[in-house]
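We just call them A, B, C, D and E in the order they show up, numbering each chain from 1.
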Amino acid sequence: MSTFVTLLVIGLSEGAILALAALGFVLIYKATGVINFAQGEFLLIGAYSFYTAFVVMQLPIVLALLVGVLVAVVVGVVVERFILRPMVGQSHISIIMVTIGLASVLSALVQMFYGTQPRSMPPILPRGSVSILGGTVPVNRLWAIVICAVVLGLLTWFFQKSRHGVAMRAVADDQQAAMTVGISVRRVFAMSWALAAISALIAGVTLADITTVEMNIVNFGLLVFPVVIMGGLDSVPGTIVGGLTIGLVTQFVSGYMDPGLAEIVPYLVLVLVLLVRPYGVFGEKRIERV
Amino acid sequence: MAAVETGRHHTSYRSELRLWHTRPQIVRMAVLAVIVIILPFILDDYWLALANTALIAAIGAIGLNILVGYTGQISLGQGGFLAVGAFTSAILTDRLGMPAPVSIIGAVMLTAAIGVIVGLPALRLKGLYLAIATLASQMVILFIVRRWEFLTEGQGFLDVARLEVFGFRLDRANFEQQWYMILLVLAILAALTATNLFRTGVGRSFMAVRDQDIAASAMGVNLTRAKLTAFAVSNGYVGLAGALMAHYTEILSWEKFTLDVSILYLAMIIVGGMGSVAGAVYGAVFITLLPVLVREVADVVGGAVPIIRDQLPAVEHGVFGLTIIVFLIFEPRGLNRIWERIKDWFGYWPFRY
Amino acid sequence: MPPGQPLLRVSDLTLKFGGVTALADVDMSVESGTIHAIIGPNGAGKSSLLNCMSGLYRPTSGSVALRYVADDVGRGRRDQPAASPEADIDSLDIRERALTSLPPHRVARLGVARSFQNIELFDHLTVLENMMLGRHIHMKQNVLTSMLWFGPARRQEIAHREIVEEVVDLLKLQAYRQKPVGTLAYGIQKRVELGRALALQPSLLLLDEPMAGMNAEEKEDMARYILDVHELAGVSIVLIEHDMNVVMDISNRVTVLDFGKVIGDGTPQEVMDNPRVIEAYLGAGAAS
Amino acid sequence: GGGGAASADSDEPIPIGVIADLSGATGDVGTPYNEGMLAYVEQLNADGGINGREIDAMSNDYAYEVPQAEELYRRYLSDEAVAIQGWGTGDTEALRTRVANDELPFMSGSFSEELTDVEESPYNFLVAATYSDQMRAALNWIAEESGGEAGVAALHHDSPFGTSPVGDGEAWIDEQGLDIDFTSHAMPAGTTNFAGILSQVDSAGAEYIIIQNVASPAAQLARDLKAQGGDQTIVCLNWCGNELFATGAGDAAEGHVMVQPIAPITTERPGHEAILAYADENGMDPADIQVSFVQGWYAMHIMAEGIRHTLDAGEDLTGPAIRESLETMGPIDTGGVIGEGTVEFSADSHRGSTTTGLYEVKDGELAVIEEAVSP
Amino acid sequence: MTAAPEAAPGAGPPAAAPSLLSINNIEVIYDEVILVLRGLSLEVPKGQIVALLGSNGAGKSTTLKAASGLLPSEQGEVTSGSISFAGEDITKMDAPERVKRGLSLCMEGRHVFPHLTVSDNLLAGGYTKAKEAGETLDFVYEFFPKLADMRARTAGFLSGGEQQMLAIGRALMSQPTLLMLDEPSLGLAPLLVEEIFATIAKLNADTGLTVLVIEQNARTALSVAHHGYIMEQGRIMLEDEADALADNPDVKEFYLGVGGDAGKRSYRDVKHYRRRKRWL
């Protein structure tokens, strides 16, 4: 029982961070149709820029977060403007590859400036453990859940309710048509990349606080794919459910079965899901009519 | 599509269907043949080893291009498939004592079969869904290779005996030269057979699936069969590349078949030109030589900009990414297209159009 | 199949997409040797009906059955037009097959070819390659001989290429042979699509709005091609078209759909005079 | 021979290829190791080199990727290196047949017991106790410490490096009849928490966790262990038993134990003096000198001694000659840094030493528990 | 009715209405080499319906794209000449800005947002006038009751004609003063074509909405238009009052075609392809 509680909370917190990272991916995909393989690197950039502001430049935490947001927005907008805009209308594979190239460049940049040694950061979230139902649970994990839930809630609201949400979805469907109804495609693109980068920043910093600031964050980012595919690529609730599922399943498998197996369990789950539902659990079938 | 050179008329379908028609084409092929044949006598072992690596990569890239470039099925599973080919051939020769050619054929067939198994879900999956499903296959295959102690007898790696073909054992002194010859022949065969495939109905049905699968099925193309065949054929080449890798490098461990390798191969076909056999070859050579080039440049400018030398792997990594981006933005059809342009330019010289 | 014989029977066909009923108990039959038009307002279910006929949609209930001459199928039969009028019906081995349970490629193998409402060509392939794909069902697909090229693969390519060239001549596409179709003008693409379907040497040709988006001149050309194909190759044609002038002029029989139901069926003139059709589709203006 | 670098009477620098991991999975310890080697070379060259000849250490990062290591190896071969300093187990094993073919003496950071077989790996030399010996020492200590009965979980890097001592450990328990309940798990790479593996350790009833991995994941594990209120004792082998572990885990490192054949700088052995002098000259803080740095320094020292012996004997500087020197020159003094203090090879054993030290983390420092233990 | 509130209500086109849109001698080039429009000029007087006719590839759609600012998204560019709307030079303005000023285009080939519902499509259409979107929505549903029935359906699954209606409805959502329609009858049933043109005429009559419409279906288009232009190969070849154009023998021959009214030839009687070279 006690193990169960520990694993449950840790799994939920991982899942929540994962969902947040994945939501950035979904945001980009929904609005621009771009499959961003560099989402993991966005987490990395987020974590390192915050680290630089907070630890290296010794800024107060709020200011450091603002610096992080600024960097995230700039990176997001620059990437959109100079790398993805010229790619409009290219095939899936080309877009996937250009973001893979981007991922290489971003991680190479981080590596060039910071090396690969993990860096430690003074704790942001409260440390220590509490006992819940007999399980020892790190307090920062609980905080991670809360933070991610709040940010996820805000983003979801924005996407579903605000008029920018509809604009984003319209742009995703048909950019030319969106222009004819007066939606500035550029602004929508820039906005979705910036939002994705910001959500990655929050996910990255939370993750870095729980672990360390290190290149490994990228590997965590790879898990975004099983999550979004399970969720159906463009469904916000699907992404949240997908994130929590992957977080929990991984944790339970590594706790009760084989920790090594946990590495590939997200992918096994994914394959199972796809066999039953080729468009993910929450995804709608692509419209294909002749 | 290159502009059709003018003044070329055919009197029979047979002549039109030939691969090389014009004088310049034939001359070009002859020059290329001469260069390729004298290469092993002028390069030292270091460069020959690079050439050999590139030739193996070319075979693998041709295979990947069949699936991705021609059939439109995105695959991130190349690394895993190479591993299947490599370990199969190594185990068949070393443990079952099969002659290398037989075990290589065995590896080709098994990799093709695994391709079909992985291809099965592909029947229902499209685009990114398929890409991620193949990513899953990469992860799972690699996990198996890593954990299945039978493969490496618990050592984590597998030694492969020196290649012996029909009683002829490669010797140490001429190791690279001899391999070069073997690989050259195989790479040419791979390129020719792949080219032929796309001159005929089977290959056309692959391309039809890529361009418009619904119309293809309405034209009588069995989508299931076409996709699975594409997976099998593509993986056949990949299996061959994997097997050759095993015999050439003489040691195998899972670390040679990671996701990075899958990405490397995708980069080859992107840089070379998707949906083009020649492109796959150009891409393989280019991507194999890229890190070497970066290093040479780093040696030269490293004094002035020390970060380039000190952070070489990061720089290599970054340059690799940048190459992909630059190609996709400025010449999405890759080196093959650039080469065609050059040919056209000379073909029409002195006229500009 | 000799003319005047029942060729295709649609019975009680119902097709639902979630809550939407695209087709409701549709009954109709197509006779061989005719041009059979299907008309109806937008969203009436015309394309859906065609999609059911070619196996692309699986109907919720009901069936589409095709009758065919056993020998005709699966063999290059360019010397004998599919509908040789002289043939004696009793001497032919005529079979019937339910298309609704078949995947599209199996339907194609039975000699049913089609074009699409929004051109669905293989964009990166040349005109010739597109048409060669029309020959797909008549060709043997062997990976190994294909890789070898010399021998059976090349012989087969040349043999089928000859048939394709005939279609190219018929549709006057000579100038575009080696062009990737994606770069061609809309009207030409429509023609290539027709050609690709013809290359299959179908006994039944399904055309979904072949003249949509064409100007008067191109429409005339296209109508001429369709008539030629019909007369020269003896193919039976099912045609969806909105231009009533075209329908009146070239079709032998018309079925009218509205909200997925058949509301009229008969000769063009009968249909034109049918008040339900006028009300639902033609409007008062056209009736005059 | 003429003026080639290999010739005995040449005065050209002696090329040695270094395959280093600075940025890969083991870069945290690979970087100081490489720095230690290069520092030694710098020091040696400043002191006039070996008989007046400098060492040209060509060092390149291979990011812990085997294919990259192979590429580097080929380059060094074509640059006529007379010996190679490698790094990881995977690449050392991947290269061993080539090394044997090309007759190049090869040392590395890998102490995998697989490599000590002179038949299979005639040109590989191991300068300190093998991972398996370290594992044996760890098990012996645990048996003693727990008063006989104990549960041990061996957590290892998921690679040849990681698995290398696991089987030998199990065999050792059988052989010695130790009352130890032994389980093993691979530590997933790139994971963000070890909660799962720790609960496995818990449910297996283990009181000790032996880690065969590098420092960063081990530190992460120690932190998770603390956060989840586990009371197991961690025993780190060679590559995580270092200062990085202590600093990385912070107060979560307290009380954990390390099996380390190389004496940390805080133990102030005679062999450390040269290193401290170098640090002093180069403005390095002695507190920053990690045990991996010391290890790199002495790995290079041993190679240099072999070369010196060859040159002293007036022989050409060829692989076989250096190998023979190393095998026949007798004990090489390391000033008490490695094992018992000396390293010695012979024609039928390339296992330079079998002894290691045991340390404990106390107030963030490595405190000696026991010295020169031999299994 | 909220569309075009500033237009004079109910007024028929005044004799010399001021130009709302005027295109002056523009040249358009695609991909930096393909010259499509070669000095084209066109006036759309306020409150009128203007029809633009021409054969395939003449450059009709290109003209509308130039007017609506869509060319950059297709690697096209206006290289000379100018376009002004309501007296303002808009040659360099981007597309969304033009929509805000009341210039709305309904593209060729429908271009609805396939994954959005019908109502979301319409709401996206009202993006620039979000505050009044509710009202406008009611207005559109009134005009196209069928859309109201389908408001919750996903647009991509609609039939071609349904999508066309949706596209026009969406264009109205931005409350345009000038509505440009590119082949609105493409693939539509005769009844619907009639309906759509009746709607266009009604919009024009009721609200004074100015319309520029491209049509292949020349007869129908000329029947509702006040004025017509005929273009070939990137230039205007002929321009006149709509009635006069419909009576022009050349127009009859080449644009009104065979079949149809007044006992023309049947399609079956056309025996030759390429009866003629281009009409130039």
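The working rule: a residue touches a chain if its C-beta (ideal position, glycine included) is under 8 Å from a C-beta of that chain, and two chains touch if they have at least 3 such contacts.
The shown structure was predicted, so the numbers you read here are calculated from the model rather than taken from an experiment.
Counting only chains that touch, the fewest steps needed to get from chain B to chain C is 1. Set against the C-alpha centre of chain E, every other chain centre is closer than that of D.
Contact tally for A-B versus B-D: the pair with more C-beta pairs in contact is A-B. Centroids built from CA atoms put chain D at 38 Å from chain A. Chain A and chain C have Cα centroids separated by 49 Å. A separation of 77 Å divides the Cα centre of chain D from that of chain E.
Centre to centre, using the average C-alpha position, chain A and chain E are separated by 43 Å. Within chain E, residues 157 each touch two or more of the remaining chains. With touch defined as above, residues shared between interfaces to two or more other chains in chain C number as follows: 47, 56, 116-117, 120. For chain A, residues that reach two or more other chains under the stated contact definition are 111, 260, 263, 289-290.
Within the complex formed with chain A, the chain E residues making contact are 68-70, 73, 94-96, 99-100, 104-107, 111-116, 120-121, 123-128, 130, 154, 156-157, 170-171, 173-174. Those residues of chain D that touch chain B in the complex are listed here as 22-24, 60-63, 65-68, 70-71, 74-75, 77-78, 89-90, 93-95, 97-98, 101, 114, 158-160, 163-164, 167, 186. Of all residues in chain B, those touching chain D in their complex are 44-46, 49, 146-147, 154-157, 159, 172, 249-251, 253, 255-256, 260, 291, 311-314.
Every residue of chain A that touches chain D in the complex is listed here, in rising order: 3, 6-7, 10, 14, 111, 115-118, 120, 127, 129, 136, 138, 207, 210-212, 214, 216, 219-220, 250-256, 258-260, 262-263. Contacts from chain E toward chain C in the complex involve residues 55-57, 153, 157-162, 164, 183, 186-192, 194-195, 216, 218, 254-260, 266-268, 270-275.
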